[in-house]
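My questions will all concern the structure given below.
For clarity, chains are labelled A, B, C and D in written order, and residue numbers in each chain start from 1.
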Amino acid sequence: MYFAYQGKRKMNYEVHGEGKPLVILNGLMMSTKSWEPFLEELTRYNQVILVDFLDQGQSERITDIEYSHDIHVDSLHDLLQFLELEKVSIFGVSYGGEVALQFALRYPNMTDKLLLFNTAAKTSYWFTELGNSWASALGDPLRYYLAAIPSVYSPKFFDEHEEWVEAHKEKLVEVFVDPMFIDSMKRLINSSQGYDVSNRLGDITAPTLIVASEYDHVTPYYEQKYLHKHIKNSELVYLPDSGHALLFEHPNLMISLMLGFLLTEHHDYKL
Amino acid sequence: MYFAYQGKRKMNYEVHGEGKPLVILNGLMMSTKSWEPFLEELTRYNQVILVDFLDQGQSERITDIEYSHDIHVDSLHDLLQFLELEKVSIFGVSYGGEVALQFALRYPNMTDKLLLFNTAAKTSYWFTELGNSWASALGDPLRYYLAAIPSVYSPKFFDEHEEWVEAHKEKLVEVFVDPMFIDSMKRLINSSQGYDVSNRLGDITAPTLIVASEYDHVTPYYEQKYLHKHIKNSELVYLPDSGHALLFEHPNLMISLMLGFLLTEHHDYKL
Amino acid sequence: MYFAYQGKRKMNYEVHGEGKPLVILNGLMMSTKSWEPFLEELTRYNQVILVDFLDQGQSERITDIEYSHDIHVDSLHDLLQFLELEKVSIFGVSYGGEVALQFALRYPNMTDKLLLFNTAAKTSYWFTELGNSWASALGDPLRYYLAAIPSVYSPKFFDEHEEWVEAHKEKLVEVFVDPMFIDSMKRLINSSQGYDVSNRLGDITAPTLIVASEYDHVTPYYEQKYLHKHIKNSELVYLPDSGHALLFEHPNLMISLMLGFLLTEHHDYKL
Amino acid sequence: MYFAYQGKRKMNYEVHGEGKPLVILNGLMMSTKSWEPFLEELTRYNQVILVDFLDQGQSERITDIEYSHDIHVDSLHDLLQFLELEKVSIFGVSYGGEVALQFALRYPNMTDKLLLFNTAAKTSYWFTELGNSWASALGDPLRYYLAAIPSVYSPKFFDEHEEWVEAHKEKLVEVFVDPMFIDSMKRLINSSQGYDVSNRLGDITAPTLIVASEYDHVTPYYEQKYLHKHIKNSELVYLPDSGHALLFEHPNLMISLMLGFLLTEHHDYKL
């Protein structure tokens, strides 16, 4: 389905199932398609709204302006109004988690629960250079694969699933050759510049689940410790041995953590 | 409600709600009452069976024989048959997790999912001496409190909740003065001697969630790493900064982890 | 050798070897004797000053007054003046580390380097209760052993060295039956009440080595993280799998960390 | 100074100071020059032998044959014979640690102590791809910098030393433009293919120090845990918050760990 943001920019979204609404925000190289295998589980108790950010997946490219994360926060807000959803829980992973945080800060009354998986509070200097390393490898599909993909996995998972990784590599390299993918990726990477909510986390009021991975090279553990320290109503879960891409390394556990947090009503137990 | 194990030993149990059955097995100093505050959450999607082990809570004391964990495995099995429950998920914490593991090994077909929170695969020499330290402090309620309770919390939680801890202390000391409590506790501690399933974990087939805490002095993290390494179909979650008593330190997260694992159907995703 | 603090209280000390002076401050249940096996290594490049705190080892008992750590800081200072040592490096473990920190704050010009092993910045509420658990077990030697000793080791070391632990136990229980030991221990435990330098760590200027152990139940890891965060010129080393008693679990590594830090001159490398 | 390996290949080495000999083996992008700032400290008690591997630093390029680590083990052995050094301690970092391990396996009688900093037991599939990502970025100096350098630091150090990092970047980019550097780097990366001593670690008899860093993306922590588990006579030290390049992030601590381990004679204490 398409929503026309500002009456013109076509944004791909899908609504599945019924129940309390959960919006899922993709990581950089993901799309609504990434969630297909999990829809059976995710929609058992919730309505699930999948979205491709502008310049991502099947959403429209943005070639006329430079943009920051703001365009995603805005367009998500307008989409939710269009869908007449007054309050939603938001799950975001990595890039998606950063947009989720900014949405929760701008629209606290529309934010039910916040689920931040492998997410940071700002685009640090280090992360800027990591982004630059990806951007500078774009153009040559194998080089881009090598720059961006192995670091997304925990080294152990990568080693133990060589066959799967190699099959996946073939498919990815085909995607990475696409000029449209390349241009979008450059702009999306660029849109993270200047992102910094590190001083505003105290304003987050939504119950928040923060998930960190031991071998997450992209959004290292100390970022999630920082989020947990500054978001009042937050819980921190740490996954030993796993990497940035929980989706692939621990899909059942990822779903399980999501559902559990969504389906639990949080009480101030006086034990 | 009472079930008469072997036609004679009265075992206290409660059945709440409807849905797929979840049996909850207490830690050493817990009882069915410990779960009351959480029943609203726990029964939203599941039927919950609470049980006091024999010699625990409102179940009958066992003063005529020495016993091991076996009596709990047996009596739980007979109770489930009596309740006509063919397959249940079992959550156990600490002592309860140890009984859960043995139940899953003896009755694999009756075990749906296994949730092992702060649990070990055997009563190590170290744990034996820790148990002895508790046993040797029994008799003097304050001494027993000091021996058994502070180590159950993470030091940080304890420090940050001094008022709550002190109020709790008053109540506990009143319990610890009770001769019936003292005698039961001695027998329950004693029943863990010889417990060792460390070489049999490969036989566990149920999807298993293992939860570990950074500052768990009673069942230290390396025990849960061992469980995770040897139980094929298991997931490991690590909770930074928390102690042995998740119930008190992170009740919402505990419920959330339980519900999530129970409500997720585990797939062999071919991603 | 004995030094008469304030002309009257006899304090046991030993001076070994030659070179830059290193003062070694004992943990609660240690004494100058604990260091005998290591003197060959420790004196190869340094002069080593061993000290029994007042009320410890072969130093005089303090039965006429209540005291805090201050008496140790004072008496150490006077001893060093008597020995005409103007500047010393100070190694302290646990209780000894706490005295070392207070010495460094009061006599910064006399403090060369600071080596804090398994040390905390304050006697927290939690630690007070742990101390109370030890104090309340005094009187019955086996009970005291169980209360104080197993928690000093990492569970794994304890399990893997059962024979050694049992032999050690026999010797310790003989010590714990001694009324003089019992009374001293009560006073030493009590002397830690009110200890708190957590707000003054910014004043420490000495190069400081902080060593933490994964399974240190007595002075948990977050205490050393706190020290490291607030002592400007400090380095933090973390020892996986080990417990509070490095002396027994990793003697070679302990000596190695001590010597390395002492023998390295710290530079502000402009690399 | 130059040694002619096999009478022809010129190998750059330096001998500094007197005392028990310590051989220092460089990481991939290091050279004898990297150690200059530390010679004052390192030579205080030891003789230090610095070496540029063939194809590294001021040693001769190897353009006529393909080679593996073996050539370094061989040439190091011949150099030591030439220097009439019968037994040496060997420090190696990363690539240098891997050569050190192989030297210790082939020449146990010539190996005194082994110091393995940020080292792995094999070139895993994951590490192969990481090496490929570096190799594929060679040619464009900025791209190579981005591929290889930021991941060598802990993200936190990188962020907190932006000015230093940027100044360093300028210098590095000038090096990375050099065709001789590029060709050597390709061959050195390639020489790690097939490296695997993971099944032979039980044969290591030298006292071994293993140092790991929390945010070491290049040789992740689980590699050092593996080394520690399988090298009998080893100690494991873990450095929280630091990255692969201890040399830059914690120079004083690095020196301190080296000296301490070298200067301590290891005893089998019967405590």
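Here is the rule we go by: a contact is a pair of C-beta atoms (placed from the backbone, for glycine too) under 8 Å apart; a residue touches a chain by one contact, two chains touch by 3 or more.
What you see is a predicted model; the values in this text were computed from it and never measured.
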A correct list of chains touching both chain C and chain D reads none
If I average the CA coordinates per chain, which chain comes out farthest from chain C?
A
Interface residue identity across copies chain A, chain B - same or different by half
same
List the centre-to-centre spacing of chain A and chain B in whole Å, with centres computed as mean CA coordinates.
36
Between chain A and chain C, what is the separation of their C-alpha centroids in Å?
48
At which residue positions does chain C touch at least two other chains?
241
Which category does the touching pattern between chains fall into here: line, ring, star, complete, or other?
ring
Can you check the complex and tell me which residues of chain C touch chain D?
37-38, 40-41, 44-45, 207, 209, 225, 235-241, 247-248, 250-253, 255-261, 263-267, 269, 271
Across the complex, what residues on chain A touch chain D?
124-127, 129-130, 132-133, 136-137, 140, 142-143, 146-147, 150-151, 153-156, 158-159, 162, 165, 215, 217, 220, 222, 241
